[in-house]
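Quick one: structure below, then a few questions.
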Amino acid sequence: MKKALRAIFTQESSFVFSCPAVLWQFVFLYMPFAVLALYSVIDFNEVTGRYFLTAFYYREIFTSLYIQIIFRSFLLAAITAAVCFLIAYPVAYFLALKGSKRFKTFLLFSLIFPSWTSLIVQVYAWFFLLEKNGFISWFLQWTHIISPSFHLLNNYFTIVLGMVSCFLPFMILPIYAVLEKMDKRFLEASADLGADRFETFRRVVFPMSLPGVYAGIMLVFIPSFGEFAIPTLLGGSKYVFWGSVIVDKFLRSRSWRLGAALAIIGIMLPILLMCCVYLGRAIRERYRQRQSKEYTEYLNANKDLWG
Amino acid sequence: MNERLDKLAACARRLMRRSAIVGVYLVVLMAALYVPLLFSYFKTQRTLNVYAFTETFSPEAIELFEERTGIKINITYAELDEEIGAKFAINGGIGYDVVNVSDFMVRHLSKQGYLQKLDYSCLPNAARLNPRLLGRVFDPKNAYSLPHKWFMYGLVYDKNVFKVSPDQMSLAFVFNDPEQLYKKGLVSRPYRVCMIDSPMDAYFLSMLSLFNRFDQFTPQEFDAITRQLLQQKQWVECYTLYTVEYFLLSGIIPIALTSSNFVRKIWDMSDQYEFAIPREGGILVIENLVIPKTSRKGDLAHEFINFMLSDEVATLNSQEYGWTSANKSAQETLDAQYKRKSHLFPDEHVFKRLHIPLFTSYARRCADDAWLRVGFA
Amino acid sequence: MVENRKYLGQFLLPLVVGAAYLFLYLPIFVLVLFSFNDASFSISWQGFSLRWYEKLINSPEILNALQASLIVALATTFLSLLIGTCFVVASRWGRTSFFSNLFYVNILLPEIVLAIGILSLFTFFRIPLGYGSLIAGHTLLGLGFVIPIVRARFVELDPVLTEASLDLGATYWVTFRKVIIPLLMPSLIASGLLVFTLSMDDFLISFFCSGPTVQTLAVYVYSMIRTGVDPMINAVSTCFLVISSLLVFLLCSLKVVDQVLTHE
Amino acid sequence: MKSIRLERVSKSYDGELIIDNLNLEIKAGDFFALLGPSGCGKTTVLRLIAGLETVDAGRIFLGDQEITHVPIHERKINTVFQQYALFPHLTVFENVAYSLRVRKMAAETINARVAEVLKMVRLSGFEGKYPRSLSGGQQQRVALARALVAEPEVLLLDEPLAALDLKLKEEMLTELNQLQDKLKTTFVYVTHDQFEALTVSDQMAIMNPQGDIEQQGTPKQIYEFPVSRFVANFVGNTNIIEGRLHISDRDYQVEVEGLGMFSVYTPTEKLWMIPGCRLLMSVRPEKVLISKKPREGFSNSLQGKVVDIIYYGRSTQYRVRLKNGQNLIVFEQNEEHFPQESIDWDDEVHVHFQKENVVLLEH
């Protein structure tokens, strides 16, 4: 018996060791999805006491307010990602290409630091800062930018602000990583070929940093799509988003089946996003092909010139 | 041919080996996950898992209980009755021994058969309870639950802005447009309000303000309520229950539709605010202690409930957090300063205006859906 | 024109960077500052005081929550490092690297979906919620970080080293212990610390999956925030910050921060 | 096609002086090679010319125009970088078209120019490929085309062939040479490989580790008549023998300790050549004849013992220990399958060389 076990162990050693992680993934990620999917398409008839298959909840989502809420969350996530991108790019650019080495390490260190504190703590900090008697209100009133009756909490802007401050480092880091790894000789080569700084940025630095930008957008877009603590705490529950609806469905109104259907749609989101990225690449590739086709046509047209 | 068969056999053997390995792992994992369940059956340790809202039991009271009985208390916090309901729906509340829930949820849980019947022989302190709170419609014989604290949903407002006597305070001040009220000269300035963030209570109060009724509504009336709530959103600063004191005290809003729980805290800070049950009516919330059927420590749970209902501990709790206790004498020993504010301790006349909303599950679903529309607007 | 652009580069860029850092740090700074404020309703500065810390230390609930958080975080770190590393090493040796791209899903999905997924699973099979569900969820997240980081390092390692060790007569186990583990150490430490802080800070999974006996610090803080502005939250948050920064500092002093950054 | 002139140029990094007071003139239309050991600062010179670095002191001229403070992208000088630095996100076509696009030229012109240049480097048909899918030699040619398309006055090449294998290197060298003949652009070629420099250039300069130019001239001048021990050693192999100068009736002789007198010859008399001074004789190994028997008709003959033989195929290298213990290296062409005499280890041999083949160097 012992021998047989030993034989199995040696023959399948790599399977034995790689299995737990994959199993964990299946049990706690894919199986839950299966359960969610099951919840979302199976309903219980209380009269007949039977379970039956239904697409009711999906129809409900696509025909009522829910789809609009999903769009709204999408919009919020897109705005957050866009704002993050606009702030993060200069910072990443500065970190990667300017500044002395030692200073850079310090800046980088201080960049990760806030993102490693709890999101809840950061949100609370903003609440504390923006409240009527908080530092920012006080400052803006003192400088007479806003009137004393104006307050900053509980609106859309505050939600975006909180989101951006929580997710900004996730946008900076991937862009920084790509820019930092980029060979500085490309910049030299570009300058050597007659491009000024702006042209170099437009034609070399930015296109080469695109993988980092995509990664950053993914890392910001997806969590801000599902976020519910920030709209609740900084938005005064006045704005309902996908995340808050799911929480509501699961913890409050107990319509789990609807919540599960909503969640399933949410799972589709990253896949959708990935498709977008691939589509973008394909379009670029097509553009390139067209360009080189034009060029070939040009060559054919001028055959006498170039042989 | 033979070769192929051999290959097939080898393949099958490998498959079997691998599934055996996966099986072993799965068994280990499942065992690890179900261990707590086994523990809950065989545990002899004297601990109680209490599930309650925040600011319910004061740390001192808990300490006192642990000291006197040697029973260790684990408290988990919920924010809403619905959360508790959701946890019960999952597995009948396995793991919890004493739960603190509000009236309508008591009815729901007892209907579903999640609760144990109380044994009054172990609860001598039940006699110390305020009779006004006993035998209410959600548990007419108090077979499953005993009230432990209570409060009202009413209006907290700034006396400088609303120069109205508390008896004349109306829900119109939160449901009607403050601009219009200001133009009519009823208030000294336009303002924004804080609104309760639970759909049921919002619908109930809106119904009271619109139709002066609370028993049922027709679909047309329901739509009218939804319209009113949608319209109200324009002047709502925040949908919240707990942060109300912050919004009032920092002067962002002068009036809030909220619970009487926070009033004492607000009074501690400022004299400017008054609490009133609107003349259309308010909501009475009775929080009760119940024992889930799944609890195997009924004796300890009874001991805990009895302890919490005693005069001494009830006073301790209500003084710590400022809510009104269901215990008669605890209420009497409350600070004299608050006593004179009669509206926190309503007389029979005012008390009659308080109702306990019990929605059918269909009405609740409708309210939930419509509330989503309010949130989305 | 040229002058303008130069101006842009030399002046505007550092300005934007400075503003971004101010934006990230202002709330934290104010938070920490006011945790030492003596006022109970934190409107203005009323003098230095440690009373909120005192209150914090004397609150058994916070200490219980902290204990729960620590247990979950340590178990999560241990588990995700163990099964993550085993997976990376074994799958390379067995050449089944196909599965490793699977684990990016854990980070890419909205966390709330993972949370309700685990909640539904446990409900479906009537498994009691508690430490089990929390550790399951956090480890899922942890694997999403451990496997890519450790794998990046492992792929960089020269396979000749392993082969040399095996060639010299060492068994797989000895090779794993004496060659691979020491070489992977920096990435193990980095991802371990990352997972630890991740688990300490995680809110969503903890919010959905905590059962009757467990309440983590992040969930406790959330329920505190829901109930209003209390300077004790400032004190809790400051402690959070101090713990996190100690960990980050540890990480930096180990000079593996670059690795984390480039492989993220 | 313009000349380049560096006047008293200095440059230091982190307080360390790399280039000190350098003067260098490169004539218009030359294929100029700058040869020096690694780390001597030759790349720095190139970067200074390109504008990738700014000078600390001194002036740089392109033709008659001073370009010391002209920013890099406005100089009509282009560079082929060491590892090519081809933009990985652009196709071959876009890489080559880069400098034209930056100058906002019309699409028609760009197409025509790129086609022309790609044809020139024999890469027509590769337009749509990405650099990573090309071989080393092809990448090299793209880099060349990219630099040439802008029609620079001066083309700088920074060790362009370092990454290629020997065979390909030889091929590319020939091509470069032909290209330069055709274009007549001034090429400045930096390398540490003397073989490349000698093969390819019209003019070359040798830089010593201190960053000074030791000698400038045609490859032949530099190889045959090095002016210093460093140059003689760095360019090709050589035997250095130390001795003392004797002059009688315009006959130059060198007395070497333990070996006696050598007759030498110098085409030009140098200032330091005073009788009795210590000096160095440099004799190229291939200019020495080795035989078992003594031969007639040589100005200098020596005896020694073979201590080492390395067979190179086309030639054989012998190391002969002379009487005074010094080793002399001799290259012998392997001209025949069956040589008349075979020299073996420990054989006593005679070595001969003519006095014209000796170069006198300052000690």
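Brief remarks on what is shown
Going in written order, the chains are labelled A, B, C and D, and every chain counts its residues from 1.
One rule holds for everything that comes next: a residue touches a chain if its C-beta (ideal position, glycine included) is under 8 Å from a C-beta of that chain, and two chains touch if they have at least 3 such contacts.
A quick note: this is a predicted structure, and the numbers were derived from the prediction, not measured.
Of all chains in the assembly, those touching chain A and also chain B are C. Looking at which two chains touch through the most C-beta pairs, you get A-C. Of all chains, the one whose Cα centroid sits at the greatest distance from that of chain B is D. As a whole-number value, the distance joining the C-alpha centres of chain B and chain C reads 33 Å. Chain A and chain C have Cα centroids separated by 18 Å. Mean C-alpha position of chain C lies 57 Å from that of chain D. In chain C, the positions touching at least two other chains are 43, 119, 136, 226, 229.
For chain D, residues touching at least two other chains: there are none.
Of all residues in chain B, those that touch two or more other chains are 246, 250. Which chains touch which is summed up as A-B, A-C, A-D, B-C.
Of all the residues in chain A, the ones that touch chain C in their complex are 13-18, 20-22, 24-25, 27-29, 31-33, 35-36, 39, 87-88, 90-91, 93-95, 98, 105, 107-114, 116-129, 131, 133-135, 165, 168-169, 173-174, 176-177, 180-181, 196-198, 218-219, 222-223, 225-226, 228-229, 233, 243, 246-247, 250-251, 256, 259-260, 263, 266-267, 269-270. The part of chain B that touches chain A in the complex is made up of residues 14, 17-18, 20-22, 25-26, 29, 80, 82-83, 85-86, 89, 197, 233, 236-240, 246, 250-252, 364-365, 368, 372-373, 375-376.
Against chain A, in their complex, chain D makes its touches with residues 50-52, 71-74, 77-79, 81, 83, 85, 87-91, 93, 98-99, 101-103, 111-112, 114-116, 119, 124, 127-128, 146-147, 150. Interface of chain A with chain D (complex): residues 183, 185-186, 188-196, 199, 203-204, 207-208, 210, 288-289, 291-292, 294-296, 298-299, 302, 305-307.
Chain A makes touch with chain B in their complex at residues 8, 11-12, 15-16, 19-20, 23, 27, 65, 68-69, 72, 131-133, 151, 153-154, 236-240, 244-245, 248, 250-255.
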